[in-house]
Amino acid sequence: METNKRPLDGIRVIDFSQVWAGPYATLLLALMGAEVIKVESRKRIDGSRLSSLTTGQRFSGFDSSTVYNELNLNKMDICLDLGQPKAIELAKRLVTISDVALQNFRPGVMDRLGLGYEALSEVKPNIIYLSSSACGSTGPERAYAGYAPGFASLSGLASLTGYSDGPPFTMGGRIDLISATTSAFAIVAALNYRARTGEGQYIDLSSSESISVTIGDVLMDYTMNRRSRRRDGNHDEVMAPHNCYRCKGEDDWISIAISNDEEWRAFVNAIGNLDWARDEKFQDAFSRKQNEDELDRLISQWTINHTKYEVMDMLQKAGVAAVPSFSSEDLFNDPHLKERGFATELEHPIMGKTTVLSPPWKLSATPARITRHAPLFGEHNNYVFGELLGMSQEEIETLMEEEVIH
Amino acid sequence: MSEKALEGTKVLEYASFISGPYCSKLLADLGAEVIKIERTGVGDEARRRGPFLGDIPHPERSGLFLYLNTNKKGITLDPETQTGRKIFLELVRWADILIEDKPPKEMEELGFTYDKLKEINPQLIMTSITPFGQTGPYRDYKAYPLNVVHGAGSGYLAPGGSQNLEREPVKSTSFSDDAACGISAAFATICALLPRWSTGVGQYIDVSKQEALMAMDQVELCQYPNEGKVASRKVDPRMAIRVTPCKDGDMMIIAMDDRQWKGLVSMMDEPEWTKDEIFKDILSRMQHMGEMLKNVAPWAMQHTRDEMYHTGQERGAPVAPIRSIEEAANWQQFKERDFFVEIDHPKAGRISYPSAPYKLSKTPWEGGAAPLLGQHNEEVYSTLLGYSKEDIVMMREAGVI
Amino acid sequence: MADKALEGVKVLEYASFVTGPYCSKLLADLGAEVIKIERPGGGDEARCRGPFLNDIPHPERSGLFLYLNTNKLGITLDPETQTGKKIFLELLKWADILIEDKPPREMEGIGLTYDKLKEINPQLIMTSITPFGQFGPYQDYKAYNLNIPHGAGGGYLTPGGSPNAEREPLKGGGFFDDHIAGLSAATVTVIAFYHRIKTGSGQHVDVSKQEALMALNRTEITNYPNMDTIATRVVGSSALGRRPPPCQNGYVQIAALLDWHWVSFKEFMGNPRWAQDTKFDTLDGRSEYGNEMNDNIEEWTRGHTKEEIFHGLQGRGVPTAMICNAAEVMSSPQYEERGFFVEVEHPEMGKVVCPRGLGILSRTPWALEHPAPLLGQHNREVYTRLLGYTREDMVRMREAGVI
Amino acid sequence: MTGRVLEGIRAVEFGQFYVGPYTSEALAYFGAEVIKVESIRRPDPTRWFGSTGGPDPKIIILTDPNKSVGFNELNLNKLSVNLDLTKPKAVELAKKIAEVSDVIVENNRPGVLDRLGLSYEAIREVKPDIIYLSASCRGSTGPERNYAGFAPIFGSLGGLSEITGYADGPPAPPIGGRTDIVCGTANAFSIITALIHREMTGKGQYIDNSDSEVISCLVWDTIMDYNLNGRIQTRRGNKDDIFAPHDCYRCKGEDDWISIAISNDEEWRAFAGAIGNPDWAKEERFQDAYLRKKNEEELDRLISQWTISHTKYEVMDILQKAGVAAVHSFSSKDFFSDPHLKERGAFTEVEHPVIGRLTVMNPPWKLSATPAEIVRHAPLFGEHNNYVFGELLGMSQEEIKALMDEQVIY
């Protein structure tokens, strides 16, 4: 039975973070029902309000960034110039009525502002406080800043991505969002602990480490055998064929992966039992891997005469794993995704109709939901300072004039 | 012995290879009691994959398996036999959480759908992780990690800034993306666990790996519906970021805002060309990244990555060296933060494992050995479920366990 | 260090469970170098059978597997994959003898028939052990350890002297019958090998387990055509009396076959009156009035312990036995003195007692030097050192399911 | 080329009953020249055992040593000479024969041949590389070396009888000559390996075989349970550790039974299908090996209800076609109407000069290059005195006759 209840109902999160890694973490909490209050200020505008890191496009105003909208759905927004002592006081008062605080400034910045874990745990003993940074808040390079490509480079993942005869690839926003998901996981784990014991705690999250743990097995190849593996395109250590093959079309590709002899025979059958496919050197996984390049060449000669959707249909019917390399355009026209309601249309007061991705998991009893567009700049000053902190309108206005709420 | 965040949480894992086991590893490493079911005789496929300790391909020496299954209890069971099914349901009754990754049809045939298991354990949280989720036309499609990455649109974007579109889009040469699906599933799972402490409500979580990965690229993907722009590997995903070769490898340089551009300029000791008009603001810099790279390259060839990294960072340029696996494994920062932890394993001996990216002050991450195949049969079947020794021998001979 | 009878003989075993492995164990324990192929993953089915040490059903703790595979090198290989078959044929070139127990059709299916293997290794001796042999209508029939003794006529005659024909015929205890088939196959294999030493030529040895066990009842079987007698478990299967007489603490078996045996037996019983009847003086008389004689004997034996009867009668030259169980076999002073018990050190099971082997050979004694192999224990030794594959090849082959 | 494997090998047998004779018969199958030394004073007892034959056979004591069918079956392809070894001259002759032989086989009570001067040490002096095998119930050393035994005796001492029989009945010692022939095979195996070793090193050896030890080796898996877990296994009819169904089931007919063994769920489903998918076969309590074993009695009862309405041949045919291991319990009659054994030539016939045409079982193995063959009936008593003493040892007719008169050759 579906209720409008959500897993993190009643949890309040104070979000001091910016750009991608921090905000996406609190976005996940917000989708799960937490009340997330973003703290911004004109002195330090969240970069994603200004320009798109990917397209370089500059937005006309604070509230017309599609990127900002996607990363801050369901949240509330207030302004506080943390450079001012009064703002710090207000922030602390907010923390007393919150459960989680999150920040991704350079390590040490929040401590200097008086908003470090020690300071906040005095006003809220069981606060759960996560600080996320490029290399973690301890160690020789704790002060180093970094963005997604940096995490990929330092963690070793970039050296594993790209063509074997091409440069490494530092990937894009995905790295931030993997790190952010890890932060969200750690926070909720701490919330579970607190639900049982009443105890909060400090969580020090290193983004580059959060990427290294996703290639733990490759790192262990080094710790065990002193071997430093290198990028090799789509290829796999064992499975062959295991690559993308060009199909009929402008830039259309199909990924095909075959793990055993049974799937190989089904594949050979599905593509019409061509002579080359019966050659002895392709008859088991070991020999296929040894003759991988020639095998890729021969398979491409077949896939090029079919569209990627025809190939997927033919091979999946034969029980062979084949999925096109979908572009974003393909995804938004895909029947499967449509049926699963993968995207949501949202009315934004400034930008009008925008499309965002729905939460990626379907919970039967307390489903995650998108309840509103990202907040306009300072949209909830009155609600937070007035209703939550019980301040009068006058107090709020004077603070605005003093550019405390600014 | 420090406290454990998920102490007392009981997890049953009926999954293999990467996503499922990584999801329950995240819970196990924070103190949840995880019982991992492996198929009799052969066990988890990961046991058959390298890297193998000393290149000796032994099922108990696979680094992949050892890493993905720390802190778990391992039993062998064949749930397709009648008695195997009965035992599986007994374990479901015991568990708070069930994590599984079998094809939807297979679970239906075994009678392990959420509706059936809910009757046995109303408070059960059941997380199903499959390539395309439990509904929709691709529900029963087969997809290995390669296919999921390309099916989620991530592959199409890589390698960014690729000059030659004749070459195929690629995934990274690792199971990084499959692990990311595991993290996403773990997050949803313990979110569902939180209200359970008070309300006791159980529920079903349908995780489609395709959608979990799409969520990680949502900014690039949503450019299409919102800006009519199809992101692809033709363009570097980040305008202001480039990779330049240097004396001893490749360096990631970055100039997104004025502060960073100043840091970059300072790192290179204010060379003349940086004063050129085309570099005066963000927008024009992004349009002239090509020229910038052409100028940076000769300078970079005289400097090592570490020189650029340390001077750059000190002067506000968040540049980063592209490190090989060996260099990453020996990174001083990792050493200082004890990122690598040595764990003892009865068959593989003492090896160092990557630990966790989060340091929880009260309930820290703790390493523990992955199970030998069927190592905890005795403990689970007799102490936990109360079968006699004789029954266990007969069940082994009957191929049930 | 004593000589080894089969030093330098190279055997490849592609067999599982009892018969095949016992056959190659007999060669291994006499010094032959035996490489045992097991399927990757589960290995030999015997690993899933008890008895298990401390009843913990672990594939490396099966007493059955340990006993049947001492002194063997263990590797894992799937000969049904292309590369697996190539490796199998390389091992074939190395081997003098191949011992296999797969259904004939299965070997044909993967192209491992004798005609094909002969081309690769003309001197090869290939011993194929199957329930009903390599040809004939039952060639592909399935039969387990239960079915063979019944198919070979032994079952029909067991238990001998059964009081009730309504009850089912029986097989021998444990895997006795499967062991016999293994012994029979080993015998003909070494005979074929002896021929090879002299002439250099190999051959195909077709061992039908049914026929191997029929040989044990050759006299009872041929009584039908020759004497029109159908022996059953009730009538005419044993001249040595019916069921073993019970005594105070178990059972004994008295075989006073010859007349002078009977005389000694009477004296030992203190010449009771019933025994004086002359009808018992001759074997045919004792056979005809068997029931009456046995009833009287049982009355006497119930008053004595089995040790008393065994040592007393044997002391007088009358063939007698105690029905010994496992504990009594293990505590037999006779076995102890003849060094029949040998301790084998196994990495997982520790010290386990195994029998020394069939008889004492003065110059080339049985030598249980190595325990049964762990699953795939000698992969590296065989694949890298013997066949020259690199370690990297081995990793790939394991990942591809070949080894 | 079909040469005889053991062509040129000569064995001398001082054997009796089953174990010794079958050992040398196995060698004779492959062309070894086996000389059986017998004397009227200590004949091989099987020469005197006969049977009335027919449906209710009774043992009879024969008067003519050449009339025993049983003897024929165990001494095919052999030669027979007479020597009364209680006479020194006979012992000398025996040594002369040994001098031109490769193998000695004897299964008298330990020490008997030693006392007669035909011990291994004595023979080794005349033939250093002789392979000398003595087989006895308990072996030729140890406190019980003098104990005698037949099949049921060493079957019981070895531990086989205890584990054979009905669970609720007495132990069932092995019937007839079964275990003797097993020990005979074991002896043949040891002799051949010794021959192989001699071929490579030129050295012979002494083999001391204990029949009860051989039996213990063949049931060691049950004894292993005692060693590992202190558990003493005992008889349980046809039952198995885990396979169920795993027994003999009565069929239509006077005393007709079919053995059925099912090892896994796939075979179980095939079995259920083959017998017409009765409802009871779908019950949950029979759906995997563990449950079938737990509900074995009920399962056996239900299966018997089906088998009783078919002949054992029908059941075997139906089930084997479905891939289920089912073999009927052959009575001796069945062997001679079985199509399979007919095609494989399991039996042959020999023309016995005294008894007439006799059916005998062929050697149980088929060798593609050097098949084992039965070439002649068992020897008449002393049939080859002239060949052995005359041609082999080069004695003249007169000498031979004189020795016969002195009852040396007797």
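Each chain gets a letter, A, B, C and D, in the order it is written, and its residues are counted from 1.
The rule we apply is simple: a residue touches a chain if its C-beta (ideal position, glycine included) is under 8 Å from a C-beta of that chain, and two chains touch if they have at least 3 such contacts.
Note that the structure is a prediction, hence the values are computed from the model and not measured.
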**Topological distance between subunit A and subunit B, in contact steps** = 1
**Prompt:** Any idea whether A-C or C-D has more C-beta pairs in contact?
**Reply:** C-D
**Message:** Using only Cα atoms to place each chain's centre, name the chain farthest from subunit A.
**Reply:** D
**Gap in Å, rounded to a whole number, between the CA centres of subunit D and subunit B** = 65
**Item:** Separation of mean Cα positions, subunit D and subunit A [Å, integer]
**Value:** 77
**Prompt:** When the centre of a chain is set as the mean of its C-alpha atoms, what distance in Å lies between subunit C and subunit D?
**Reply:** 13
**Item:** Two or more partner chains touched - positions in subunit A
**Value:** 237-238
**Message:** Can you list every residue of subunit B that touches 2 or more other chains, as numbers and ranges?
**Reply:** 49-50, 52, 55, 395, 397, 399
**Request:** Would you mind listing the residues of subunit C that make contact with two or more other chains?
**Result:** 49-50, 52, 55, 397, 399, 401
**Item:** Interchain pairs in contact, sorted by label
**Value:** A-B, A-C, B-C, B-D, C-D
**Request:** Please give the residue numbers of subunit B that touch subunit C in the complex, ascending.
**Result:** 40-42, 48-50, 52, 55-58, 374, 377-378, 389-390, 392-393, 395-397, 399, 401
**Request:** Within their complex, state which residues of subunit C touch subunit A.
**Result:** 81-84, 396-397, 399-402
**Message:** Taking the touch rule as given, give the residues of subunit C at its contact with subunit B in the complex, in rising order.
**Reply:** 41-43, 48-50, 52, 55-59, 376, 379-380, 391-392, 394-395, 397-399, 401, 403
**Item:** Complex interface listing, subunit D residues touching subunit B
**Value:** 241-242, 264-265, 284, 287-291, 293
**Contacting residues of subunit B [partner subunit D, same complex]** = 81-84, 391, 394-395, 397-400
